[in-house]
Structure formats: structure tokens, C-alpha cells
Amino acid sequence: MHLSETVTSGFFFLAPWLVFAPLTGLLINLIFGKWFKFSEKMVGTVASLASGAAFVVSVLLAYSVSINHGEMVRWRLAEWIHVGTLQLDWTFRMDSLSTTMMLVVSGVGTLIHIYAIGYMHEDVRFKKEEGRFPRFFIFLNLFIAAMMILVSGDSYMMLFVGWEGVGLCSFLLIGFWYEMDTLARPSWANSNAAKKAFITNRVGDFGFLIAGFLMFWYLGSFQFDQVFEAAKSAPPEIIVAITLFMLVGVAGKSAQIPLYIWLPDAMAGPTPVSALIHAATMVTAGVYLVTRSAEIYTLVPQAQYIVAMVGAGTALFAATIAVGQYDIKKVLAYSTISQLGFMVAAVGMGAYVAGMFHLITHAFFKALLFLSAGSVILGMERGHHHLAHAHHESKPAKGKKSSKETHDDSHHDEIFDPGDMRNMGGLRKTMPVTFWLYIIGTLALAGIFPFAGFWSKDEILLDASLHFTSIYWQLTLAAFLTAFYMGRQIWMVFFGEPRHAAAAHAEESPKVMTVPLMVLAALSILGGALNLPFEGFHNLGHWLGYTLAEVESLPLDLKVAGISTVLALAAILTSWLLYGRNPLKAGQIDPLKRPLGFIFTGMENKWFVDEGYFAIIINPFKKLSQFLADVIDWQFWHDFVHDTVILGTYNWLSEIALDHYADQKGIDAFANWLGTATQSVSATLRKIQNGFVRSYALSVMLGVVLILGYLIFK
Amino acid sequence: MTSELIVFLVLSLVAIAAALGMVFSRNAVYSALFLVLNFTTVAVFYLLLGAPFIAMSQITVYAGAIMVLFLFVIMLLGVDSLAPSKSLPWQKPLAFSLAFILVVESVYLLISRAQPNMVVTAPDIAVNSMDNLREMAMTMFNQFLLPFEVTSVLLLVAMVGAIVLTNREKVGRK
Amino acid sequence: MKFLFEPLTLLTFFPLLGVIVLLFMNSEAKTAIRWVAMVTSLLTFGISLWVLSQFNASNPDLQLVAKYSWINVAGWNIYYYLAVDGLSILLVLLTAFLTPISLLSTWTAVEERVKDFMIFFLLLEVGMMGVFLAQDLFMFYVFWEFTLVPMYFLIGLWGGPRRIYAAVKFFLYTMAGSILMLVAILWLGIYGNTFSVPDLIAKGSIPTGIQWWLFLAFTAAFAIKVPMWPLHSWLPDAHVEAPTAGSVILAGVLLKMGTYGFLRFNIPLFPEATVKAAPWIALFATIGIIYGAAVSYAQKDVKKLVAYSSVSHLGFVMLGMFALNVQGVSGAILQMINHGLSTGALFLLIGMVYEQTHTREIKVYGGLWKVMPIFGTIMLIASLSSMGLPGLNGFVGEFTILLGAFGSKAIGSPWYAGISAIGVIMAAVYILYMFQKMFLGPAGEITQHHQLKDLNWRELLTVTPLLILMFWIGLYPAPFFNLIAPAVEKLISALPL
Amino acid sequence: MTQLDFYTILPLTVLTVWACVLLLADLFIPKDRKGITAFLSALGLAVTLGLTITQVGHENTGFNNMVVVDGFAAFINILLLASGLLGIALAYGYIKRMGLERGEYYILMLFSLVGMMLMAQASDLIIVFLALELLSIPLYVLAAFARPNLQSEEAGVKYFLLGAFSTGFVVYGIALIYGATGTTSLSGIFFAASNGTSSLLLTIGAALLLVGFGFKVAAVPFHMWTPDVYQGSPTAVSAFMSSGAKIAGFAALLRVFATAFPSIAIDITAILWVLAALTMIVGNISAISQTNIKRMLAYSSIAHAGYILMAFVPYGNKEVLPISIAAGLFYLVSYAVANFGAWSVVIALEKADGKGLEISDFAGLARKYPALAIAMTVFMLSFIGFPPTLGLVGKFYLFRAVIAGGYTGLAIIGGVTSLVSAYYYLRVVVNMYMHEGDPTIENEEWLNFTIATTAIATVALSFVPQWLFVMASTAVLRLL
Amino acid sequence: MVPVDYYIILSAILFTIGAMGVLIRRNPLIIFMSIELMLNAGNLAFVAFSNMYKSFNGQIFVFFVIAVAAAEVAVGLALIVEIFKTKKNINIDEMNSLKG
């Protein structure tokens, strides 16, 4: 149903297909996949087509919005929850902001779908679980659908549906290899990571929900426009509360301090997942949320400042941890957290366009990096696999060796981590395509002119330098570290000599993987063109200006750009000095370890934040619930109160009227517990039903005496 | 203090003493004899209260028939005394205190609270005469016909019961 | 005799026909017995749908009224009084819906005394229907107590190792509450000279002081049944020991009798006391939500975990109901259904795997999803529904409840809802814990050593209707809300808020 | 003496004469065919029942206001005669099996029934006293009927000694009442009491009378004979005693107190309140730890006496009394029906050697004899007060009446104690259904008939209780 | 003239003594005699009241009580004799095989 009367033309009727298209793909694979025994290619194609269809729809919608001069259009699909004044509908909202997100999500998503066909083909074989291939694409499609709901919803609650939906997909995909850890050993690690992600996100969702409740009861609605309208006349403290609770949600979803902890663990998921969900799209939902809520954030600068501080703090903090990581994906994960910090800082400062710009470019180059990293890992796996086979085949010939190493047979896979950069080295020779793609991604991330990252990061820094000096310096420092750890990664992975046999035998990835990477590489190079900081080129700003009330279109500031570029180059140089000039040897400790000492230990160990959470929240909660369950609820409430007190009293009361009392040890014990006073009473009473006629007569007599006494002396 | 009162008090003491004797004597035969004494004393009270027919019934039925039956059974069973009991040590003190309280209650009640203020009239000749007895018989067989008949049934039942209980020809279950 | 031909009479007592047929069947003809019971319950469900078609959703009052004088001496005025309105229609449907599903789940699980089982089950259905349809306090009480008997046998005869203990405890606990309710019912009957609830409501104006006592007496019965913290101690025993179908009905319908009781009797009969009590009930509900969730997390037995989760979930229902605004109450009613569906599904699913493995200890499982992919997926959906994932039914209920409670005038503080919302986080904690330990991770003892079979067609058929409803309510709850909305409006508007 | 006088006791006369005739006839009935006596006794009861039914709706006094015929008496008498019939039915096979088959059994029952019926009709304390004895003496004998079985004899002696003891109180109580009012006629006492003579003496007399009745109905603290006697007596006797004697006791209690002592209601009500509460509490709690089914049923009968006593508590309140008493009568009926049923089941399980009386002997009954188990379950549920049984309706009426009388506290005690009672009644059910065992039962057609009749009545009447309640109400209205 | 009160007090004392006898004696025969004493006390009160009211009713009641007592004695003694035959002992304290 068309809700915007001024607009009549366009493809808005296609809006529901944003969601239905991926869902259709999902259902086809789910229902018919098994039935018709879809091949892997078939499954992948269906899923990619579904995602691609969503992309096409997004394009058409964006086009429709543009031909309507950015006019917002709402498309109501159905009623959802109508209770009293609560009126929630399934309504799609098309404006420049949401269509931008749709394009990013479905565009990057489709590329990753295609990439995953190749990636998963090998991955399932390394993990010896070929049957799980279709499941991956079902989840991916589900993710696209949920993400589309998130970005296209017309109310906070519909957004929330997508918000939790992507959380679920994240859970499912992180835990895709749920029976093992990242090294494919049987373990709870991956499923723990999945659970951690979901629960941490739920904490954020709690904030979101509370914000929603406040919104409903003080602003009267969940629908964006109505909320924005009502917010203008609402008491500011309420708005502050709403925005800050929403920030909790943002922190959860976009991995900001203090809820970022799940994202590094989320790397347990297959690499396409890390790229799509945990780098390019889902984690940026928080940024989208703040941008979407720009109108209420603008009302309360103090809340904005807090948002910006959280973002900047995260950017710097995560960057420091990234420096100390050895896992190729972990580095990228912390990098993602850091970059998300940039975006959140940007939107916190009110630089929504800059934030969105960085979101888009980051989606390109971080997806590129992750996918390339996936390519590297697979390459290593292939190398290792190759090695294992060779080893296996040659074993009968080396009878001596097998007798010497008795464990060789059972542990013929010694623990090999294909993602550990300390095992790599010199891969530029064995995986040249990946190498070059990786270089492009790195340069973009490091913010080297003219790659996409340069433009978007610069815009954020510029904004920060104009508004909040402290944030500017934090971000600048973070940018320096970014370039440093990316440089470190490049040197460790691609240069020097292989530190492990697998690295020496690594093989390049197939086309189905590298082609999407090339597309992403192109976007990483050219993405800056979206919003060049020159007069007349603020395309993205202009476009988003249709939706966002105030848009800053800043020109390029050479001082800021210069400083950041210089710093980035300096950082890369430093990393070369440390890691490039003298490549690491196998087993050598990190060269930073000595000069930085305990600081580097902190970086390596993520500043012990996880341990802190365990000590402060998780373990106490476990203990508390154990205590409640075992002691309070079961031993005390269930066993003691019910069984001992109630039943015991029952029995005790009945026993004292009888002579069985003395025989029953259990009840005796209970009577002891009651104390000697009651015992003496019961000792008198217990003889009553003793079979003696005289006692029975006594009872009658007692009754008579008491009754007469009552009547006479009352 | 009139002569009747003196007679009453003396007889009362005898009655009470006989009752206590019945309750406390070790030997069941003595108990029975004490009870006979008590019944006789009470029969005298009946006479004093102008109830000669009842007094006679008391002597013949109670003191005569019933108590003889008791004595007969006592002799038959040959149990004349029981060893002091170890069981129920608290029974006796409790019984005494209850009895004491009951006496106190009733005396208190009769003296202070619920006085049936009338005085018992002297047993004059008219009352203890045959006319009186005839009058009573008339009442009994007119007004109290039904109870009388019920009593007869009751006695029949008692007889049947006694026979059922003691008739050993048909031995019950093992 | 006209009362026999009322639609609601038919609905309530139809299962009795099945019982009669079963009584004359050879107890060895197990399959035939199962089919008779199944057909009976399906026909009952059909009748309930027909009743639904006769139901006018826009009418807030009692409908399809069957009111006949039953016992009418010395000012007693007991009626045979069945009627349905927006407050009860969904529960009636739920009862009729869950019974065939539960029966289907027993197809292979119950092999002993099949005939007795089916008879008790159908009798239970009669009792439950009666509870939801009776509008006369006497009748209500009769049905209320009657449900105990078949359930007692279901637990006691087909339950786990400690079944007798659990059955007796269940019986005594529930009866303990209803005794006080009986006294209050009698008081009301004397006061109003009738036991008909609508007449009593119309009469109104019970002195506030007495209202308070009556409210407490009714609360005693209902709170134990719900069960509200801290009266939940019977629940884990009953759930753990009950056979699967019993657990499903217990969680799905019997617990709802408690919450329904609040809705049908406490709120309209004692409006002043209700308003006064709302913050207290909310307090206990909140404690129950948090406590239930925390305790669930520490369980080692999966059925117990789900049982404690019921304490938490029903805490939400109570919280919403005593928000006494339209969101809260509507949400609460819908949540009753939701809980019936999701917890019912969880019990069914646990029962299915239990049938194969005969253990419910969480830690011996692990990696089940790998060997039983369909089962795992369905379990996942049921779990997610239970933890309130948007798009599934649980969310719609919990969200409206919390929303209502947050801004409730009667509760008077957003803190209860705020703290209860933490329960949503904790729900994720224990549900995911359960799901992870059973379905994810490396294969556990049981998973390795048993030749576990995935769900068969019958089992799929058992849970599929539940899944469909979960999605339906989650995505498009409008038909459900429309059924209850007018009655809720009416209920709320009568309160002195 | 008029025709009318004899009309008032016509059923009694017939029954008495019939019993006397049977006494003689029994001599000529061969030892192995004592069943004939049973049938003849039942026939006599049936005839009497017919005659009693013709009395329904009539109101007369007879023999100088010694006895009355009214709805109340008719109601009670019908109930008693029905109990008598059931008592014969369940005893028929039992005494044969136990080797007790003697014609006197039935004849003594008939005499006892005469006493019970007379009790219901009595309107003079003399008749009350004599009827009490007439009903008791045969019961003493019946309790010891299984001689030389020690337990049975012991039961007889205990019952007798304590019964005689309580008779002493009754006699003294009547003496005091006579002293206070100068008459023993109930209506006479009522008028004298209304004129305000020495009410304390009257009250104490009434209280002593209450002790006597309390003993008969087994109210705490006058109850202690009950478990021993019920356990020791032949089971058929216990069944008859626990219903018949109780009905008669309550009938007399009601008749005497409601017609003679309304003026001292305040004091007596307080006493009754305490008695009722104590009876419910002690009866139910003591029953919990019983392992012998006969003892358990004995305590259960004590407990139910407490419930029925509740109905008498508001007896001074003219407005509540009719429904209260009607509820009491209704409850009495529901109790009697279920009671007969439960005892019959016990009889079915009892072995000739006295085994089979533990509650654990019921284990596995449901599997082997499902119908019997269902019947027993119905009786147990009825005792608890659970649907769909008459017991629920009974409790509902009763509690309502008590609450209407303003004794909510008592109703709560009643409720809580019936919760307690659920515990031990359920144990029987648990044993039957949930424990394994291999019980054997005696399949006697009249016993089965009794069980079936009572079970069906317990369930069926709960759906159409109105007519019974109307009957009870009408009976009471005539009385008051 | 002797006030009626005196007779009643006397009867009350006798009654109590009888009741006490029931409570403290172990011989059922003596217990039974004590019960007879209680009945007698009741009779005395009856006769005294009868005299007070100048009416025969009380006396007639006493007559019936005596008859009832006789009936009770018949049955009671039969019971006691019977149990003696079984147990060879009539100590009432040993008649407690039924208890609990």
C-alpha cells in the first residue's frame, strides 16, 4: 500500500521483494534443495541470484527515489501489532538513506555470496562436512532478508526485528562450525563464540528496548517521523535517556566499548561471514541507527558527545589490540571495531554523511580484506592439505620414522593454524593475486591517497578537528595505528620466507573467489568518488541530504589530510622497520615485545577485558544462578520447606497423636530440631491413642471438664 | 439443723465412703460389697425423697439382682486382685485432678450460680402411700407407655446379645 | 435437555463421547484406541473452529451463552453457564489445538495402559474446556478441581521415576490454593445470591476491605497454578516427572488456567483490590522473571530447565496482566498462547529425543544438530520463539507486555518492566546455553553412542502446526489481537484507574 | 392410645415385630442356609422402607408427644433403612466367608436399626435415652461378633465400657435438664427455657448430653474408641456402624438441640465450634500415618463427623439454620454413600485370616481389577471433596452454609483439613494405581452390587444434586 | 428440711467418684461398677428433682434407667466373661492389641 501521496511513479511496489527475494532463495534451497539433490553450484547460484535480485530491487528503488527527488516513500505491506495506541505495521521506508544501505548490503552481499560458493566448497571439504554446504547459503539469504528489514523498516520496532534477526544470523553463522574450534578440533569454542555474540547483542537489544519503551510512552509512537516530530517538544532529559539507551544498542550491534567483545570471537565463523556480517553490513547497523535517529540526537548535544567519545575511544582502544594480534582475521576484526569506532564517532559528532561515507567505503575495503584473508587461509589450508597428503603417501617408505614417532599416526595432523600469521610468510609468491588484492585493501584501510579509505577517513578527521579536538587526536592516533598494524600484517603474511611448510605450498584461490575480490578491489580504489570533498562533488552528501536534515559539505582540508597521510606513511615505514626489514623467523617472538614490554602483553591479550568480564559478570552470574537453583530453590525451598517443614509437620503432627513416634528416627530428628520444649509436649501427647480404655475415658473426661469449665467460668 | 439434715449428712458420708471404698479397694469382691452398701444408702435417700417404688426397685434390681450377678462373675473369673500396674503412670494423678476439678466445678455451680432454690419436702404419708403408687403406675402405663415398651425390647435385645456372646456351640472363625 | 444442544456444551463435553467409546474397547487394541482418541480430539478441535466461526470478534461481551438454572434451592442460584468471550476464546482454541498434538506425540511414547491414558487425556480436555468456558463460580470450581484428577493420574502412572511424589505434590499444592478460593467463592455466592460471574460483576460494589481478602483467596489458587514465585516449587517436579504429553498440556494449558483465573475473576470482580495489588503482583512477577531465568540457567536436566523457564515466562504474563492497560493485558493473553506453543513445542521435542535416549541430562548430549538436522532446526525455532526473537510469536507477547508494564499507571513505575527486560537477556542466556550444550559443540556421549534417528513424519506432523502458529503470530498477530481487543477494552474500562 | 399414635410408630413396630419373628424363625433355618435370614431381614427392611415413605409429608406426634413423625424423621429413617439394606448386602457374603454366619447378625442389625430410627423420631429425652441404648447394645454385641477372635472381643469390650461411660454422662445430663426445666419433653424444655429458668443448669445438662452424642458420632475428644473398635470389629459391622450410628447420632443431636435448646445457642455454638474444629483437625491428621485401611477409614469417619458438626455450629441462627442443617444432611448422605462403598471395597479385599487390610495390600489393584479401583478412587475423591463426586457438592453446600452463618474461620479450617485429608486418601489411590502388587479379591455378587450402586450414586448424584438437597431442605423446614 | 442442692451436690460427688473409678481401675468389672455408680448418681439427682417438682416423671425416668442398667449388665458381663475365656485375663490394660 502506497502511503506517500505525492509520489506516484517508481518501482516502490517492489519494496517487499527486498525481503521476499532472499527469503525465496532460502525457501527454495531449504525445501527443494534436499528434494532435488541440488548440487553445490545450484545452491550457491540460487542463493546468489536471490541476493542479486535484492540488489536489483535496491537499485530500482534507489532509482525511484532519485527520480522523485529524494522524496521519502513508505510502502505498507501489512498490519503487525495493533493494540490500543500501539500501531505497528510492516511498512517499508524508501529514502536516500535506506536505499543507500540497501545498495551496500545487497551489493556487497551478492559479491560475498558468489565468493562463498568457492570458499565454502573448499571449506566444507577441509572440515569433512560436505552436507553442510547448503545450510550456509540458507543462513546467508536469511541474513540478507533480516538486514533488509533492518534498513528498510519504517519504525523503530521494524528496525528492531531486523536488528535481532541479523543477530540470529550472526549467531548461526559464527556457530556454523559449531562442533569445533577455528582449528577444526572438536571443541565448544565456536559455539561459545556464537553464544557470546548473541547474548552480548541481547544486552544491547535491552538498551534498544528500553529506549523504545521510553519512546512510546513519552513520544507516543515508534514510527520515525512521528517520533522525530514529538521529540521536538519532549523534555530533553527523556531524549537524553532515549538516545543513551539507544547507544547501548548501538554499542552491542556495532561492537563499541563496552560491548565489542563478541566481535573478535565472531571470527570463528567462515570468512565470508566475517566479511559480510562482521565487517561490511551488520555491524554497521548501529551507525545506521544513529544516522537514522539524527533528528533526535541533534536535539541533545550532550548525548551526541558521549556517542562520539565512545566511538573515538573504541577506535583507539581496538587499534592498540590489533597491533598485538597474530591471527590474520583477529587483526582485521579489531581493525573493524576500530573503524566502527570511527563511524560512530563521526555520527556522534553529527557528521552523518562522513559516517555513512566511511561505512560504505569500509564495507568495500574491509570486505575485500576479509575475503582476501579467507583466500590466504584457504591457500594455507591447501598447502597444508597437500603437505599432509604427501606426508601420508610417503610414510610407508619411512618405516623408521613412524616407529620413532609413535603418535604420528593418530596425530598426523599436528595442530596447524592456517590463520596464524606466524605460520605464514612469503605468500606473495604463491598467491600473487590475493597479494595484490590485499595490498589494495590495506592501502584503502590505511587511508593512503587516493584509495577510498583516504577520503572517508579524512572527512571524519576533518569534522573532528573542527568540533572536538580530543576526539580528533584519538582518531588520528588510531589512524596511525591502523596503518601500522596493516603494514605489520602485510610484512608478516606476504614477505619474508615461509615460516611453515604449508605456507610454502600454499595455492592460489579459484576464479569464483578472486573475481568478486577484484570487483571489491575496484570499489575500494574508486569508492572515494562517491563523496569527493570538492565543490560539486559531494554526491553522497547531496543524496543523503534528502533524508538528513543538516548535511555538512566540507572542502578538503590539506592540513588534516596531510597529517593523516604522513602519519599513515610513517606507520607503514615503522612497520617495515620492525617486520619488513628483518622478516620474522619461525618461532621468533614479536619484535615489539621487547621494547613495549607489558604494554604489548596487554595488546596481545586484548587488555584482559574478556577475563575481566568473566570475573565481574559471567562467573558471578553463574555462581548466583547455581546458588539460586541448587541451594535456594532446591535445597531450601523445594526440599527443606516442602519436604521437611510441610511434610515433616504433617507426619510429626500425626505421629504425636500416636505411639509410632518413637520408632521413626527421621521424625525424631525433626523433633530434635524443633527443640526439647516441643519434645516434652509431644512426649505427653504421643501416648494418647495407646489402646488403653482408661486413657480413652480420660480423654472423654477431659472434654467434659473443659466444656463445663468453659460454661461455668466463662 | 433439723433431724432430716443430720440423717442426710450421715447417710451422705456413708454413701461417699462406700463409693470411695468401691473405687479403691483392691479386692473386687469388696468393691462389689461397697457398691451394694452405696446402693442401699441411696435407696434410703429415695425414701427420704418420697420415692418408695424407686427405692424398692433399687434394692431389688440393683442391690439384689445386678450386684449378685456381678459377684457371681467375679467369683467365676476368680480374679480378686491385680498387681500394681506399671503402665500409664500418669493416669492416676490426672484422673484425680480431673475428678477434683469436676467436683469443684459442680459444687461451685450448684452453690453460687444455679440455685434450684426449692427445699425438699418431708416425706409425708400421702406420698409414700399406695395411692401414690397407683398414680405412678397410671402415669407409667399411659404417658410412658412407649418408653416402657421400648425398654422391653431393649431387655430382649440384651438377652439375645448375651446369648449370642456366650453361646459356644457355633464356634466362630479361628 | 436443551442445554445439551448448545454449541459450547458440545465443545466441552464432546471428548466424553470418545471416553465412552474407549471404555468399551479392548485395551489390547492399542492402535484403534489411539485413533479413537485422536479422532475425538480432532473433532473437538473442529468444533472449536466452528465455535470460532460463530464468534463475533467485535462484541466485547459473552457470546454463545448457554445459561440454564442448574441447582436452584434456598437462594443458591447455581447455573449451568457456559459462554465464551475475547478473554477465553484463544485459550479454548489452544486447548482444542494442543490436545490432538499431544496425543499424536504419544503415539509411540505411551505403550502401557494406552486405553487408560487416552481416557484420562480426554477427561482432562473436558476439564480444561470447562474451566475456560464456565461462567458460574460453582461450575468453574468443579472443572478447576476436576482437571487435577486426570493430570494426577497422567503424572502418577506414566511419569518418571519420582512420579508419585510429583503427582501427589502437584495435587496437594494445587488443592491447597483452591481451598481458599472455595471459601471466597462461597462468600461471593452468599453475598451476591448467585454464583454467576457476570451477575456478580454487574452487582458490583463489594466493600473494598472484603475485596482485598477475596482477592487474596482467589490469588492463592491462581498464583499456585500459574505458578507465581515463590509458589513454584511443585512445577519442576510435575514437569520433570510427567510424560511428554502431560508436560505439554501442563505447560500449555493448565498453567494458563491460573493466569486466566486472574483475568476472568480477580480483575473484574475485585477492581479496587486489583488496582491496589497491581504493584505487588508486578513485584512478584518481576522477581519470578529474573529468578526463573537465573535458576533455569543452572539446571542440568533439560526438562527442568524448560520448567523453570515457565516460571519466568509466566512472570511476564502476570506482569502484563497487572499492567492493567490495553497493551499489557492483550500482550498477556497472547503470551499465554505463545507460551503454550513454544514451551509446548520444547517439551514435545525434548520428549522426542528422550524417547530415543532416555536421558534428559543436558551434558550427555552435544552436537545433536549434526545427527538430527531437522530436529535441531525445529528445536532452534522453538527456542528462539521461547526467548522472544522478533518475527516469532514470543516477541509479540513479551514486547507488548513489557511495553504495557513500562507505562502502566497501575504498576506506577517503569522499573518493574525495566528489570523484567533484563529477563529477556537472561532468556537468551539459558535458552542458548541449552541449545548449545545439546545441539552444538562436539558430539557428546549420547550423540556418539546412540543411533539417533531424525524426526519421522509423525513427529514432524506433531510439531509443524506449532511452528506455523509461531510464525503466524510472530509476523501477523492481527487476527489474534482482533479477537481479544474488545473484551480487553471492556475489562480495562471497568477498572477504577 | 389412638390409631394415630400407632401410626407414628408403624414402621418401627413392623420392624420390631419382624425382628422378633425372625428370631424365632431363625431357629428353624438350617445352619448352612442362613442366607434366608438375610433375605428375610432385607425384606423386612424393604417393607419398613415402604411404610416410612408413606409417612413422608405427614406430621404427627404420638404417645403423649414422645415421638413425632415429620419430614426430618422420614428423611433420616429412609437414609437409615437404606444403610441397613446396604449393610446387609455387604455383610451377606462377608460373614459367610469369615465363618460368622449366624442369623442373629441380621436380627441384631434390625434391632439396632429400630433404635436408630427411634432416635430420629424421638421428641422426649426418655426416648432419646432408650433409643440410644437400643441402638448401642446390639452394636456392642456385633462388634464382638467374631468371638473368640481377640481383636473383635477387645473391640466389643472397649466399645461397651466407653459407651456405658458416656451413657453415664447422658443420664446425668438429662437429670440436670430435668432439674432445670421440670420436664424431659423437648417441646417442654423449649418452653421452660424460653421462660428463663435456670439456664446455666440447662446449659450444663445440654453439654453433658452433647458429650453422649459426641461419643456416638465420634467427635474429638470423645472419639478415641473409634479407630480401635472399627479395626477390631468385623468389617461389615464397622461399615454399618460408621454410617448408621453416625446418622442416628447426628439426627438426635439435631433434633434435641434445634428443638429444645435454641435459647442457650450462644454457649453451645462456641462448644460446637471447638468440637468441630478439633474433630476435623485431629481426625485428619491422625489418619495420615495409618497403615491399616480400617483404621484409616475410622479416622476418616471421625474427620467427617467434624465436617458434619460444622453444619450444627450456627444452630441458634434461625436464618441460616435451615440451609445449614440441610447442608449437613446432604453431606451426611454423601458421606454415607461413599463410606459404604469404601468399606465394601475393603471387604472385597479382606481375607478370612484377617489379612489384606493394610493399605499396601491395595497395590496393583487397578491393573488387576480396574473397576474396583475406579470405584475406590471415586469414593476417595468423594471423601476429599473432588469433582465429579457427591462429596464435592456436599462440601460446597456445607462450607457455604458455614460461611453464611458467619463462621468463615471454621470453613477455612475445614478447607485446610480436607487438604490434609487428600494426602492420605490419595495414598490409597497411589497404591492402587502406581504400585505393583498382586491383590486377590472376593467376588461376591451382593458386595459387587453394593460397590457398584454406591459408586454410581456418588458420581451420578453429583450432577443432579438438587432433588436431594430439596429433600433435605424440606425435611429441615418441617423440623424447625 | 434438706435443700435440693444438697442432694444434687451429693449426686455430683458420687458421679465424680464413679467417673474417677473408671479412670483409675484396671479391672473391667470394677470399671463397670463405677459406671453403675455414675448412673446411680444420675438417678439420685433425678429423684431429688422429681421431688422438687412434685412430679413422677423423674422417678419414672429412674425406673427406666435401672432397666437399661440391667440390660447393659447382661451384655457387659457377657462380654467380659467372653474375653476372659479367650485371654484368661481381664486386666483392661492388657486389652490394647488395638492401638495407634
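Note that the chains take the letters A, B, C, D and E in the order they are written out, and that residue 1 is the start of every chain.
Quick note on the criterion: contacts are C-beta pairs under 8 Å (C-beta built on N, C-alpha and C of every residue); 3 or more make two chains touch, one makes a residue touch a chain.
Because the structure is a prediction, the values reported are computed rather than measured.
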item: Distance in touch steps, counted as few as possible, from chain B out to chain C; value: 2
item: Pair joined by the larger number of C-beta contacts - C-D, B-E; value: B-E
item: Chain at maximum distance from chain D, centres defined as averaged CA atoms; value: A
item: Most centrally placed chain - per-chain CA mean versus overall CA mean; value: C
item: Maximum centroid distance from chain B, chain identifier (CA atoms); value: A
item: Euclidean distance of C-alpha centroids - chain D vs chain E, Å; value: 26
item: Length of the line joining the C-alpha centres of chain A and chain C, rounded to whole Å; value: 35
item: Geometric centre distance via CA averages, chain E-chain A, whole Å; value: 94
item: Between chain B and chain D, centroid-to-centroid distance (C-alpha), Å; value: 31
item: Residues within chain B bordering two or more other chains; value: 87-88, 91, 94-95, 98, 102, 106, 109, 113, 115-116, 144, 147, 151, 154, 157-158, 161, 165
item: Residues of chain A engaged with two or more neighbouring chains; value: 658, 660, 689-695, 697-698, 701-702, 704, 708, 712
item: Chain C, residues touching no fewer than two other chains; value: none
item: Pairs of chains, among all present, that meet the touch criterion; value: A-B, A-C, A-D, A-E, B-D, B-E, C-D, D-E
item: Residue numbers on chain E that touch chain D, as the complex places them; value: 8, 11, 15, 18-19, 22, 28, 31-32, 35, 38-39, 41-43, 45-46, 48-50, 52-53, 55, 57-58, 60-61, 64-65, 68, 71-72, 75-76, 79-80, 82-83, 85-87, 92, 95, 97-100
item: In the complex with chain B, residue positions of chain E that touch it; value: 1-10, 12-21, 23-27, 29-30, 32-34, 36-37, 40, 43-44, 47-52, 54, 56-57, 59-60, 62-64, 66-75, 77-82, 84, 89-91, 93
item: Touch list for chain D against partner chain B, complex; value: 1, 9, 16, 20, 23, 31, 62-64, 66-67, 98-100, 102, 104, 107-108, 111, 114, 118, 124, 126-127, 130-131, 133-134, 137-138, 140-141, 144-149, 156, 179-180, 198, 200-201, 204, 352
item: Chain D-touching residues of chain C, taken from the complex the two chains share; value: 70-76, 116, 138, 141-143, 145-146, 148-149, 152-153, 156-157, 163-164, 167-168, 171-172, 175-176, 179-180, 182-183, 186-187, 189-190
item: Residues on chain B engaged by chain A in the complex (per definition of touch); value: 87-88, 90-91, 94-95, 98, 101-102, 105-106, 108-109, 113
